[in-house]
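Look at the two complexes coming up: chain A is in both, with chain B in one and chain C in the other.
For the complex of A and B:
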């Protein structure tokens, strides 16, 4: 029992950091992300660096602001995410939550952000519900969502000639939603869906599924899955010579770091949608050079990390415009919605009334190994999805905020 | 593995005083520490839910000698059932909690009937297999919303009086439920029924030869454990305001084994302390990012090497008392 008391005392000592006083010009950001699991390369430590860079670039510190960052690993567990967020807000006076990869955690944190009235800018979760049925006045959803992935990739690939599809779908809600949405987009644009095969989550053997896909003779094999499933499917498709045989793979969710770890040999010809690529223009290159210098593995930023930078950047701009930190999440989010966004990474954009950040999407194709001229030279741009078409049209948004 | 680890078998009545004293201290510490805010109340609530879960699990492994490797299915089932009842049907919190526990108890009856027919590793494997089936059912089922989980579970008013959206009210409700359930487990262990369970643990054929229907006792213990684990799950859904797949995943079944081992197998306070240690590690090590798993591993190895009976088991052994 003594041990229990001392254990409690110890934890107490760990928890009680010095709380910031509720004053003007003091800001504390919380980066809540997957730091150790399957999304750690996509967000993780890189997202913390991106947020630090956004603070430095804002120049607010020189103007007398005090801006701190705390970060934590939500371990992809919704209850850990919720507890960390709640504790940050209650005890460390965190004003804004950023990052939050993984849809389950992202949706769970929504409630805390609303209850405690802090700013919640998500960059990394795919769930379009964040600005749909689950939207709150405290959310801004930055980088991408399932609508963009389905709509962007589906439409652009059909337009580029890939008019017959066969899906390889992870058999759970996220995969099924992607397959359903993408099928609708493909047929609406004059393509046809020949068939689909469902594989269990976290499969290691895709051979029978891939052979079915190969036998379907569809021009495009759509990978409606994520993470390890996508990379495994790509590897094995390569072994079966599917891409060499003229069929193309369209991954619905793939990140730069996945391409990097698979290598160009495996991924050449793969098409997918992202909203940011480091080698787009001067601005993105300058940011990425600085970013990769600070990364331990010298990686270039993913779109999720870019989204964290841009969202922190816009948040600080809004605070600056308000002349100080009012510590009121809804007010700050309203201000952010009222201001047009502009940054070097996503260009000019807006935040809609439902919290959806609007910017263009891009359909990329992975280069062949011989086309790649320098490190991380991986993508070529196939098509641009204009900002107004990239996300759920506002009249179709299920967000309760819009029904006033 | 069970026989070697359990060394502190309280003689009936002998350790009663120490145990009750410790209980009073535990209740007092928990009741006092919450309102002060020295330790974050939500952390304690979360840890109490897991402590109850671990106690329920310990009832089975520590006192009947059955190692279930599928207890997450009870935690998860109750979480989903109560979250669904509270959110979609809009029932009062006390009803949703009881509904969750009842759902788990029912699942306990169904899975228990199958699982207790086998012993040792086969029992563990059957519970694991059943839990995996349940997990994949929840992954697919419409009402669980797959990997997004049920979010924003309303806390509401208990008995129409206690406003659970107020942190301190919620804290004392959770604490009261935990303490009552803990006393119930203590009572079960020290009842004639509990004595028979221990007899079955020590030597099942002999218990049968004495005329006890061992299977019925084992099933009863299994269902009790399932219902209590369900109570923990339902309470947790109310505290965290969400029910997610994490709770039904096999890793959770493993985590509860870890909690009980770290705290002390077959002791009544061990699971409580073990749950606090493991949950504290998950919460407070979240700040060190990618090192969290490494730290967890190191601490576990240290525990296994230094206190083989678990923390409480070791203390009880040194002091020669039952805890």
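For the complex of A and C:
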């Protein structure tokens, strides 16, 4: 018995100690997301469903691959996220981390992914630092980032005459990055930033912050927050007559589920930037129909959930092209960067050397209630930001990987 | 940092008072339940959330608007509370506080999880009633009519409750029943029924706060979970079980929080707990608490 145990242990040590030999067809994906908090509708359970759909659509299971998903709630707490990621990789042999909403957690997890050399495809976090100063060879940042939001919405608003800004900023990595990137765009386009107030994540009452913004007399109140914080701020800005008083709100990050929750009456006319909308073309509509069928509340996918689908899709394509899973994060990410991306949701694109996924962005406006013809008919397209202008130019990227 | 005008200061104090009225209403319900029944009701936040949802359903299914909800939602939730008391909490009478705490905490997680599963986390819209839309220009600020209504109404409810418990004969029975149930029973008072009704009343207060909050925040499954910890801090600062204590502390902490949002907004979610720690150091029974 004792002999058998030590023989087993020896085999285990050999297998885990020799990654070069371990090319197999077994894959385990970890969806690490906010499953229960203020961002849960944006990603959460919907991101897990999106990943499952990507696995089904890949057809790899029929070809003899064994692909599993695990998921967990990081509660928007970096320490929780890091612990789960570590445990997954060490004990459950997870090969890749997907989703990871909330920039605080997203940035913290980068270190684990690099240390353990797994694939890390983020769809949900916004901080452009993920492929900037904090970039690693293991990361691919898929859906959007603060540079895109600033450039899309910020520029459009300044050009339309909104040249003085006051920010309502969620007080953590994401809000700060969004405020920083937007301020840069505002000043570069001839506007000025009058001030900012930082509110704690997940605040329910914004009246006090809104009054400060009102007192600043800025033309534009920039909401550098997301999810439940944004919806509460918009609702209360309406109540306090901020918009009636001539000031305008700029929701720098607004998701489909936020618009759905607030209703069109409250949100009509808001302009914001996204990279995916369910009702753009045949491909997005077909995916969205299948997706909402599987959601308990029948919601249409947000861009974050679409990004999880597309990133898993590309990851599996790369594995297929390599003929098996080499269980080496950097090698797989390099392969993904070498292959052009293509899917029904984001169209054709590429992944840059710094890990930034490149695709177009879209400036949308929320429809008026009378313009909405069917359920979830919420957006109209105002402008398309071409792929080459949507993200930080590579020559301005702060990513240390590029300095080799 | 301190260059704030008096106008802005006034408006922030008023906003603080509005938030304080929610704290007061919720902590009042908790204080009634703890003071009379010795139950630490962790389900209070979830019941508050369900009160708001109740208003939403009344509107979307039965077509009954805000004013109906203001009456019906506390009644429905109060009945639900009595059902909980009869079927579950009742069995824990006489056991350590911890059992009640665990039971209500578990219930809160179940309710919250169920609602989140079915309605998502973003929440559902609920409009301000037609009669209370609009706002008054007070010179130093723009006061939405609805917020003014919330302050006045919750203050009235708080004072009425305080009066009923501290100054009426019914309240006297109730207080006596908590001190010595068997003696009060000997006088022919149905103590178990009184306890059930009191729990139902406390839950009704939570539901009432939920209806008041529905037009201000989104009707969200997490609206109670986010608030309940602060409200517990309010009760602890005021003194566990003290009716007046919870009312006064609720409003006062709303003001303190409002001021923090002006001078150091980053700390606005923490300031209540800092005060709680300080108060516990100096007066372990809370500001209005009676030391046993």
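Here are a few things to note about the model shown:
Criterion: the second predicted complex is superposed on the first by the 304 of 404 C-alpha atoms of A that agree within 3 Å, B and C clash if a C-alpha of one lies under 4 Å from a C-alpha of the other, contacts with A are read in each partner's own complex, and residues count from 1 in each chain.
The rule we apply is simple: a residue touches a chain if its C-beta (ideal position, glycine included) is under 8 Å from a C-beta of that chain, and two chains touch if they have at least 3 such contacts.
The model shown is predicted, which means the values in this text are computed figures rather than measured ones.
After overlaying the two complexes on the shared chain, residue contacts for A:227 are found with chain C alone; chain B is out of touch. Using the contact criterion defined above for the overlaid structures, shared-chain residue A:71 touches chain B, although it does not reach chain C.
Judged by the touch definition given at the top, the superposed model places A:40 against both chain B and chain C. In the superposition on chain A, contact of A:281 is made with neither chain B nor chain C. In the superposition on chain A, A:235 makes contact with chain C only, while chain B stays out of contact range. In the superposed model, A:171 lies in contact with both chain B and chain C.
When the shared chain is aligned, no partner comes close enough to touch A:133: not chain B, not chain C. Across the superposed pair, chain B and chain C both touch chain A at residues 36, 40, 44, 171, 200. Within the complex formed with chain A, the residues of chain C that make contact are 5, 8, 11-12, 15-16, 18-19, 113, 116-125, 128, 135, 141-142, 144, 146-147, 216-218, 220, 222-223, 226-227, 258, 261-262, 265-266, 268-270.
Here chain A touches chain C in the complex through residues 36-41, 44, 171, 197-200, 202-205, 207-209, 211-212, 214-215, 227-228, 231-232, 235-236, 239-241, 245, 257-258, 260-263, 266, 296-297, 299, going by the rule given at the top.
Per the touch definition, chain B reaches chain A in the complex via residues 22, 25-26, 29, 33, 38-40, 42-43, 46, 136, 139-140, 145-149, 151-152, 236, 240-242, 244-246, 269, 273, 276-277, 280, 282-284, 286-293, 311, 315, 323.
By the touch rule above, chain A contacts chain B in their complex via residues 1, 3-5, 7-8, 11-12, 14-16, 35-36, 40, 44-45, 70-80, 82-84, 86-87, 90-91, 103-104, 107-108, 110-111, 127, 129, 134, 171-174, 200-201.
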